[in-house]
Amino acid sequence: MTKKILRVGVIGCGAIGKEHIERLTNVVANTVVVAVYDYFEEVAQSVAAKYQIEAAPSGEALIAREDIDAILITSTDDTHAGYVFEALKFKKYIFCEKPLALTAEECQEMMAKEVQIGKRLIQVGFNRRFDIGYREMKQAIQAGEIGEPLLIHSAHRNISQAAGFKTDYAITRVAIHEIDITRWLLDEEYEEVQVLTVKQSRKTSGDWLNPQLVMFKTRSGQRIDVEVQTDGAYAYDIQCQVVGEDGTLNLPDPARVLKRASGHYTYGLTDHWAKRFIDSYDTEFKEWAASVLKEKLVGPSAWDGYVSCVVADRLIQSRISGEAEKIELIEKADIY
Amino acid sequence: MTKKILRVGVIGCGAIGKEHIERLTNVVANTVVVAVYDYFEEVAQSVAAKYQIEAAPSGEALIAREDIDAILITSTDDTHAGYVFEALKFKKYIFCEKPLALTAEECQEMMAKEVQIGKRLIQVGFNRRFDIGYREMKQAIQAGEIGEPLLIHSAHRNISQAAGFKTDYAITRVAIHEIDITRWLLDEEYEEVQVLTVKQSRKTSGDWLNPQLVMFKTRSGQRIDVEVQTDGAYAYDIQCQVVGEDGTLNLPDPARVLKRASGHYTYGLTDHWAKRFIDSYDTEFKEWAASVLKEKLVGPSAWDGYVSCVVADRLIQSRISGEAEKIELIEKADIY
Amino acid sequence: MTKKILRVGVIGCGAIGKEHIERLTNVVANTVVVAVYDYFEEVAQSVAAKYQIEAAPSGEALIAREDIDAILITSTDDTHAGYVFEALKFKKYIFCEKPLALTAEECQEMMAKEVQIGKRLIQVGFNRRFDIGYREMKQAIQAGEIGEPLLIHSAHRNISQAAGFKTDYAITRVAIHEIDITRWLLDEEYEEVQVLTVKQSRKTSGDWLNPQLVMFKTRSGQRIDVEVQTDGAYAYDIQCQVVGEDGTLNLPDPARVLKRASGHYTYGLTDHWAKRFIDSYDTEFKEWAASVLKEKLVGPSAWDGYVSCVVADRLIQSRISGEAEKIELIEKADIY
Amino acid sequence: MTKKILRVGVIGCGAIGKEHIERLTNVVANTVVVAVYDYFEEVAQSVAAKYQIEAAPSGEALIAREDIDAILITSTDDTHAGYVFEALKFKKYIFCEKPLALTAEECQEMMAKEVQIGKRLIQVGFNRRFDIGYREMKQAIQAGEIGEPLLIHSAHRNISQAAGFKTDYAITRVAIHEIDITRWLLDEEYEEVQVLTVKQSRKTSGDWLNPQLVMFKTRSGQRIDVEVQTDGAYAYDIQCQVVGEDGTLNLPDPARVLKRASGHYTYGLTDHWAKRFIDSYDTEFKEWAASVLKEKLVGPSAWDGYVSCVVADRLIQSRISGEAEKIELIEKADIY
């Protein structure tokens, strides 16, 4: 019996890191986690003990191990770029949670290295592309079921945020998903983006702006509105309606038991992104593992990480300027 | 047996005029149509013959009749104001289809006359306020079920338009309904409005812009987006989602039989506003008749007609200027 | 101005009688209530005073009045047949709330009189045939949209019943609607019917059986199951699914505003038949009035009243016998 | 790095066998297929070649291998019992697709052996117990959300059947799922079951009866109706409504993109059980593998296989006798 197994090293053992380690160990077939690293040594030790694997003394040491084929980066946002560059030195496959980097310039540098190496090594953690609902929408669009898409109405609603949340995070950590999924659905780049101020909710738990209304315009003139509620919402609820010349497509709610009781028809909504999109995370890693084993990445690329950096940056600028801001991108290399 | 009956004269026997005459005669209890007038004499004659009533030689003659208590104006848009002024002279109750006038100035003049008379005589035909769905939404908002409303996402989609349709009509004849219903739902006036250009649909049957994306901002900062498809849509479809601090409310589709066949779950949508909102028209006239018989109008007023004129004018200007335009209103008299 | 008006006399001013008097006076166009009678004189007087009409000294006196064209019978069930026979003597049009009579024999006698007179005068108050949902289902069936119907799954759920309710009433006052609407939907007569005992609900407010499961088999072999909850249900809820060779049709819930709040998607259900079916009652009387004015009845006939008597009787027998019971009908006269 | 892996041998490489081999190899973590056997040697060889594993010369040889911990039996129905008995000799864990055996007597004998061994080794492939929808229903019932369950209305609709299908299979291969899932949902055994004949569908592709209406009555008096369409249906569609004293629960349709186009609202239904329940199969094997690794089976047991045999047998008898048939069960051993 021989079975090809992907050997992964994980940098960052926080909440999402732990979840991915469990996923790679017990949900995704044909992957193993060989070693982990965390800035807090005892955290790494504890995770390593639980799975009877090794805790590496540093991210660099972990990256350098010969028994590791691919690196999963789920450390804090500001450390992503550094580990990506390190892993690129070893030409190892990289799965990096969003954001790929804090600046568009770093993303450009990563792409330059990939071009030099001659192939993609980086995948960015835009999990929604693996959600069955978004995929069915994209298939329907590509099959021409609604003609040319003209507008998208979407909403991203959260129940709460951790302490330390800031207004900018509404873009960089929340709307970042719509920045990516919208251009993926439409297969278009943006020309112009804007943040509009909105009457504020009493349910905002901190001093950040909530809600915000985010607008995109694509190069072909499609308009997208994204309502962003960072906290206080009735559920973790993601809505997306693509309006085409011949019809519309709506992202469905997850299937839940339909109840009739106490004078109402009702079904439950999810309260957390981890529940809402659990299947998409599983699929994301299954497909990533399969593509790495085939040595042919197909998921969200460094280019996608780059564009989302540029767009997020312009949206934050728009909130400050009060104006629509133009999107300017470098030329896309052939490997993307 | 005595029964108080409202005696109505109708000016304008076009499609909607005919429908309202039938409604006043055979659907609404306690109303009769006494006489009709139309610019085309033979049209008026034919309608009069059908219902065994009189055809008046002119709108003015009809208005002056002592056996008529109230005037229904459904003639062409440019003639509305003239007939309203004439009817006001006789202090008769007036039901005027939208728009109340072509200019805000005329609306102001009408309001001045009503103030002078000391009470409302004019009701404007914003039928959606009588739709059971919008009413349930307003009740829920007023009952605090979703906290303070913060945004509204809405869409107004049409299958086709008559020849001669123009880009401006997307505002004055189509979005005019959202101009009114939104401020009614929110009980707020607008501060700023804007028209955004959108990628155009191949299904537009003439040379007008379609779709357009209309944005309102209320004085308290609520944001409203209105997708306006004037033609080519998959159905006559009206969507409205009010987003509040504690939840959202969606206008429901009309109840239709739910079918499972050929691999799909499906139900039918309506193809025409007259079908979609038939109940609202019936209710509109029932309540108007009842309020006139009680001599206390409660439906959409000349003030509502005035505001919609101002807003429509600014939206058209916004489309030309490419900028958001401010809304400035006169002071509202106490009778409204 | 001339307008043909239907002059109605009402026997029985209880809850439903009052509702119909209001309906005939202020909702249905072209009908007036001329006089009313009730067993309790002061009730009749009070209703007469409210509408400024006359209170008749007896049902017979009311029926005999020359200024009354049609009789509406909404008195207690045991008095229906007597008033129907009296009205038939005067060849007056009759609208009789269900049941038409307490025995099938009386219904046969009424039909014999109609046949003798040569036309239908009687309409029975099976209001569901006028519900827009059931009508759309019947149209779809007749249009062949689901092929031949093979089964129907239905449920009739009530929140409460008045004191004095008895087990038999679950058939004669509750399932009676499904007895009628099912054969109307399928255009078939029953061959065999059965009542099955079911685990009882703690929410039953009296000493009657609740729920009961009622089964029909039509002459062509279609099977129908009707869950009957007489009280304790979460809402007044009527469900009906017709299963055909090519698909299924479901009666829709009434359109209600769709809310998302507190972690749930929800919409309200109705709590009373009068709300659930209000439109059907309005339509029932509009169409009845129109058909009487045209002297051509088309609504539920004495035959329908007869069949429902026979079936209800066999169902009650089945509950006692514990067996399926055969349905045997007389031959149907040509006028039905 | 050490990771405990479950080593499985598979008997039967037909359609469902192949699917499970793929599942155990590439979907379920921590399981490997070590060897396979099929009655047709070349089939086993081809599967073995694809996965680079061994083809065993016989089911018995495969069962006897020391490097195999558990046996998956997906061979033809008539061979299940033989392999189960053989595997029991070696005290190996067994996953047997339904039916566990052709006769209740064989099931009793298997249970006797398990009791002798002192623990459960057998799990039967009732996959619906692992479906997220049914599980949410059971949780809601157990949490008392709808009070005591009183009735279940369910439907099992298929598009087609393979050649050679027989009337009895409507019970043994189709309704068998409802036999199991209903008693699992209610945590009750049946007292009486019945098959009712129904008007036949023109879409039946062979000479078997279709549809059939199956009725269960539990020991506490709950009534269950199961509409069974073996072929010709509009989709592979499974419906289940549990009616309790305080409300109802409906199994939801799988979440699919919601489309509005061509005058209709619509979403797709699945056309095959393998798609409809794909997640349940994945979960079934994940949980089975985890429970075997913990040496504590929790899925459907030999008792469940036994009861379904008894009930299926009585239903077939009922179809022949035209009567309701009593269910009589042996006493349940403590290990179940």
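The letters A, B, C and D name the chains in turn, as written, and every chain counts its residues from 1.
Following the convention adopted for this analysis, a residue touches a chain if its C-beta (ideal position, glycine included) is under 8 Å from a C-beta of that chain, and two chains touch if they have at least 3 such contacts.
Fair warning: this is a prediction, and the values are worked out from it, not measured in the lab.
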More contacts between chains, A-C or C-D: C-D
Inter-copy rotation, chain A to chain D, in degrees (Cα atoms; steps of 5): 180
Inter-centroid spacing, chain C versus chain B (mean Cα positions, whole Å): 38
Geometric centre distance via CA averages, chain D-chain C, whole Å: 45
Chain A-chain C separation of Cα centroids, rounded to whole Å: 58
Where chain C touches two or more other chains, by residue: 234, 246-248, 253, 260-262, 267
Residues on chain D engaged by chain C in the complex (per definition of touch): 147-148, 150-151, 153, 155, 196-203, 211, 213, 217-218, 220-223, 225, 227, 229, 232, 234, 243, 245-248
Chain B contact footprint on chain C (complex, rising order): 1-3, 25-30, 32, 34, 52-53, 132-133, 136-137, 140, 145-146, 246-262, 267
In the complex, chain A residues that touch chain C: 234-235, 237, 253, 260-269, 271
